[in-house]
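Pasting the structures here.
Look for subunit A in each of the two complexes below; its partner is subunit B in the first and subunit C in the second.
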Partner chain A sequence: MTDEQPPLVDKSAAFGRVGRKPQFRRSYFSFPYIIINVIFVVVPLCILLGFAFIGPDDTFSFDNFAYFFSHGENILTMLYSMGVAALTTVICLVVAYPLAMCLASSRINKSALLVLMFILPMWVNSLLRTYALQNLLIDLFGMQRGFGAALIGLVYDFFPFMLLPLYTSLANMDGSLTEAAHDLGAGALSTFFRVRLPLSLPGIMSGVTMVFMPTMSTFSVTEIMGGADTYMVGSMINELINGGDWGGSAAFSFILLILVAGTMALSNLITKGKVETEGLGGVL
Partner chain B sequence: MIKDKVRLIGRIFIGLMLALMYLPILILIIFSFSGSSGIGAWSYFDFTFDLYGNLFANEQIMAAFGNTFLIAGISSVLATFIGTIGAVGIYYLHRRVKPFVSALGQITVVNADIVTAVAFMMFFIVCMNYLDGYPALIIAHTVITIPYVVLSVMPSLSRINPNLYEAGRDLGAGPMRTLFTVMLPQLVPGIVSGLVMAFTLSLDDFVITLFNKGSGLETISTLIYSSTKHGIDPTFRALSTIIFVGVLAVLIALNVYSSRRKKKAALN
Partner chain C sequence: MAEVNYKKKKIIEITNVTKTFGNMTAVDNISLAINRGEFVTLLGPSGCGKTTLLRMIAGFELPTSGRIMLEGEDVTNIPPNRRPINTVFQKYALFPHLNVFNNVAFGLKLLKIPAGEKTLKDGSKKQLFRKLTKAEIKTKVERALSVVGLSEYGYRNVTTLSGGQQQRIAIARAIVLEPKVLLLDEPLGALDLKMRKEMQLELKRMHNELGITFIYVTHDQEEALTMSDTIVVINDGAVQQVGTPKKIYDEPANAFVANFIGESNLLPGKMISDFRVSYLDVTVDCLDKGFAKNEPVDVVIRPEDIKLLSVDSPKAQMKGRIVSSVFKGTYYEMEAETGGYEFTVQNTDGVAVGSEVGMRVEPDGIHIMKKLRSVNEFIGEADGEDLVWMCKGDFSLDLPEGTEKGDKLKVRVPFDGVELTDDENDGVIGGNVTQSIYKGTYYQVQVYTDTDEDFYVDTSDEWDINDRVGINLIREKVTVEKYEEEESDD
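So, the complex of A and B:
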């Protein structure tokens, strides 16, 4: 940003300075990246959108969506997936927040290696992690496949994605703020709820978005750990694809896409609103 | 003292969580040295390398292993190349254009994997004449890992001297030559971490691979997925152990290396 062309040069270029070739700007290096993203990200999503709105007789129609909303079990599966994802997210948050606080506290934890140890499993294949957990819970502890095992599987799989943003926001927090609250007479609880928790809200929101959507659309973990008991929207799309129903799978994917956009917008709204009220608090 | 108690409880909590996190992996590693078909039969535990022997003799698993690393290798190199050059370009984009380009790159990052996978599948079938197998997977993995390379190269860009590029150009080098000989060498730490990230993300991928692999080609993820449905072969315990230990060792080594380098830089 410090390196943008000074406006003077831009103007002289616009007036056509004599003897100077048009400059190759460094920003041109972004063109291959932009072109690749448009071809392989934007175009596929447009095709997906197209299939979602094409009916059985190859014309524009809402048939796929009508099918989705007219079948109670589809809506139930969608709601069930949202419920499972919400529960997983809440459990991850409730366990990860105190852990992140412990890891971020210099009195309790002095080594960055410990944090790394918690984040590392994130980089190992999730199918392998689920397979390992299946061995432990079902084979070694004799647990039955079902909702409980699936929930543990989901929490185990997505936990690092909650922990990392929480830890980052808590570790980067200005310690003098909590000290100030303490000096001004706030107790431990009120310091936590009125200073630390609001300040870590961006971390919480980014953790929630990183856990909620992937959990909702997964099907490998729930199928391996839960079996037929935990039938999620991901399994539904997978079955539609295998059955050759493109319109249906495109429509279901489109609904998921809307949900992704919705959660992102909501999360932005919450964190932005927070920043503004904080600013106001500072002025007052 | 209350403070000491809090400290102790905090440490116990950290230790407990760490143990829970690594327990499944540890059990898997222990039982990879036993030939017993199921985990949990401690009385049948016999120390043997049989599973490792079976692993290297099992053509299906070895093929999946090879495919996974081949696709990850090629796609991560491509993603690193495109992502690094892209990061340089994005960094110097006009501030009014920059947010749009950044948002473009974030689409696959925030989108649900399964939506990206379905979109890729339809795209390959409609626009690229039923493309599947290696080329489809290499394209898909490259595209989904590029944003992570960009994210890891960006911080290095803000640390380098912006005048060096101008100096290179003024001394007569073309834009490409300046990019490769003046700028990229200074971005090496970011490029390396981007490459590692792209590689592990490709290894980790399941849904996008499942929907675009076509028939006949399997990776480790898809093979485990299809195997867990009808009683998984204990040989997978040996495979998992090798991958777990390999990935963890590489990542720890990389982190130790980079923190040492930072310390050195701080001393200088």
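So, the complex of A and C:
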């Protein structure tokens, strides 16, 4: 038997493709999205990257990056932004989790309307919401602009993005699992820590992602609510753009992008590893 | 002494337990005792309340009223985590984030066992508890896994296992805690037929080996007959019959049980005298007595109890014609038509379709059941010259002489005195069909009205359960009497 021997069944014949006009394939449906993606994501990112390497004299250079890393205050602002984003994320998580549990419990929440009430703010433009909050907190209640007000604004703004994935993962959880835990002797606390929490980890992860990433680069909320007290990387880039420094702002944006991507990859890795060790480890 | 024996024998006692969800009654005043070490099956159609009853024993649901005792202790309101009862769930409910070993070890890790006593300063003793050590947990888990035959699977991910394997893990997870009672909620429902048969034998073996009381819920009568020591037949939230599989099969207590368990021929009959019953146009010997003379009864004849003879055999009680014959592997299932009734007959030898045959049933093959109710009785109120207001509807009926508007009346409607209509609006009142039992030559349909009344209707048509229908009364067949208050001692 040689390698050249023809296959017993001609697959192309079997599938009836011989001599027939090419048919419309399902994958064609994805073409518009691919095109949109290329135009609005890939190309802009390339342009961004290109700008980042154009120096003040319109030639290729690493000046923009060098400027960022040689000025301590830039790095501090970046770290500060990460800190604020992390704090916002943690507050959102801590507030949203119990609420999501209540909403997911059919015993407490008898209609989906309640969920809608918490999601409703998402339907209103973020800037409008922020100005409304400014009016309420600062003008009406006399709160000082600054870190505290900015934090409230951030939490308020991004809260639904934390609530929704948490609610979805808790509501879709198989109720018989918590019953099984009860049945095997777990009280309310054990059931929570041993079953509910680990099983809602995917929901927590996507909530964290959806809050942390946009908070990190936001500037409208911190500008309106915090002012000079909360100078974040978003404001920094905004200033560079306003000052016409396209190269600098592109470089900063690029660094921000890498940082956020890195943080997310890292946290994904940690949670994934944790779940897996839970799954593979054991008492031994 | 008798007291002690009594307590030892009964492990679970359920007394007058009722559970309602909103205005639906899932379990209706059930009382039941379960003996230690038995394999008890709660059997009934879906929605009959058997799972609700099981969930109340497990502690997931609290009874609306009634009491559940475990070994003489009231556990009605004790949460599931503090009952020495474990459950095998219908869809296994294995923890997807834990491997096989940790699923089985879940309960053990939470377990606290007595660890001696400590004498306190004031001289009183305090019971100490400790958790199991890792080595102890490992030993127990390995033993449980070997009982279910999955010793090598400890470090597998539960989501990669087949349905049958997952079910075994779920069983191991429950038995590892050595519960006093193991509850199984349709555990084999999701398995294919071959696997199910295998697991039935496995479960029976485990029950024998472990000596734990098993309470098993299923709607599969064959499964119940194969595995149980005792079967509890449940329908409409109430216990229909409790007994050994043989007793339930041979002597069904009512038409529902006869229809639900096994194949059966169910015919209307009449007790001529003790040990004599007539059905269709034959009068034969039977083993039942104690009925009133000429009392209408239901007669059950199992398909395998009908003997086929040659058409002119002197032993034949009935003559019939075979209208269909299907080979079922080990026997033939045939339909024999006689006098407007089609008997289902099972026989190891097939008879050609179209042949005339004689049929005979021995006395021990005839089972007599009391008719539960032979007439519908309602209390109504005269609402005009020939109108009776009852069940929130004005029925036009013949009223007794001298009835005045507002008088209380007793209305007796025989089962064939009711007419059902497809369109609810064509009837005087409407209702839901809750049961439809084929009685051989007609259907007995139970219609539940919006006023909580049941109409029993004999009809030649089949009605779908849960359909809305209209109810009319046939004037000539209904009797109306004046209702006397003192009559109510009936």
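Assume the second predicted complex is superposed on the first by the 242 of 284 C-alpha atoms of A that agree within 3 Å, B and C clash if a C-alpha of one lies under 4 Å from a C-alpha of the other, contacts with A are read in each partner's own complex, and residues count from 1 in each chain.
Please note the rule applied: a contact is a pair of C-beta atoms (placed from the backbone, for glycine too) under 8 Å apart; a residue touches a chain by one contact, two chains touch by 3 or more.
Fair warning: this is a prediction, and the values are worked out from it, not measured in the lab.
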Next item on the list: Report for A:L177: first if it touches subunit B alone, second if subunit C alone, otherwise both or neither.
Entry: second
Next item on the list: Identify the partner contact of A:G187: answer first if only subunit B is touched, second if only subunit C is, both if each is, neither if none is.
Entry: second
Margin query: Which partner chains sit in contact with A:A265 here, subunit B, subunit C, both or neither? Use first/second/both/neither.
Written below: neither
Notebook entry, point to check: According to the contact criterion defined above, which of subunit B and subunit C contacts more residues of subunit A?
Noted result: B
Notebook entry, point to check: After superposition on the shared chain, which partner residues are touched by A:I224: those of subunit B (first), subunit C (second), both, or neither?
Noted result: first
Notebook entry, point to check: Just subunit B (first), just subunit C (second), both, or neither: which does A:L79 touch?
Noted result: neither
Next item on the list: Determine, under the contact definition given at the top, whether A:V195 touches first (subunit B), second (subunit C), both, or neither.
Entry: second
Notebook entry, point to check: Inside the complex, what are the residues of subunit A that reach subunit B?
Noted result: 1-4, 24-34, 36-38, 40-45, 47-48, 51, 95, 98-99, 102-103, 105, 107-109, 112-114, 116-118, 120-121, 123-129, 131-136, 139-142, 156, 159, 209, 213-214, 216-217, 219-220, 223-224, 234, 237-238, 241, 246, 249-250, 253, 256-257, 260, 264
Checklist line | Touching residues (chain side subunit C, partner subunit A) in the complex | finding: 58-60, 79-82, 85-87, 89-91, 93-99, 101-102, 105-107, 109-111, 134, 137-138, 154-155, 157, 173-174, 177
Notebook entry, point to check: Inside the complex, what are the residues of subunit A that reach subunit C?
Noted result: 174, 176-177, 179-187, 190, 194-195, 198-199, 201, 275, 278-280, 282-284
Check: Which positions of subunit B touch subunit A when the two form their complex?
Finding: 3, 6-7, 10-11, 13-14, 17-18, 21-25, 27-28, 31, 38-40, 82-83, 85-86, 88-95, 97, 101, 104-105, 107-108, 110-116, 118-123, 126-127, 139-140, 143, 146, 150, 162, 165, 174-175, 179, 200, 203-204, 206-207, 210-211, 220-221, 224-225, 228-229, 232, 236-237, 240, 243-244, 247-248, 251-252, 255, 259
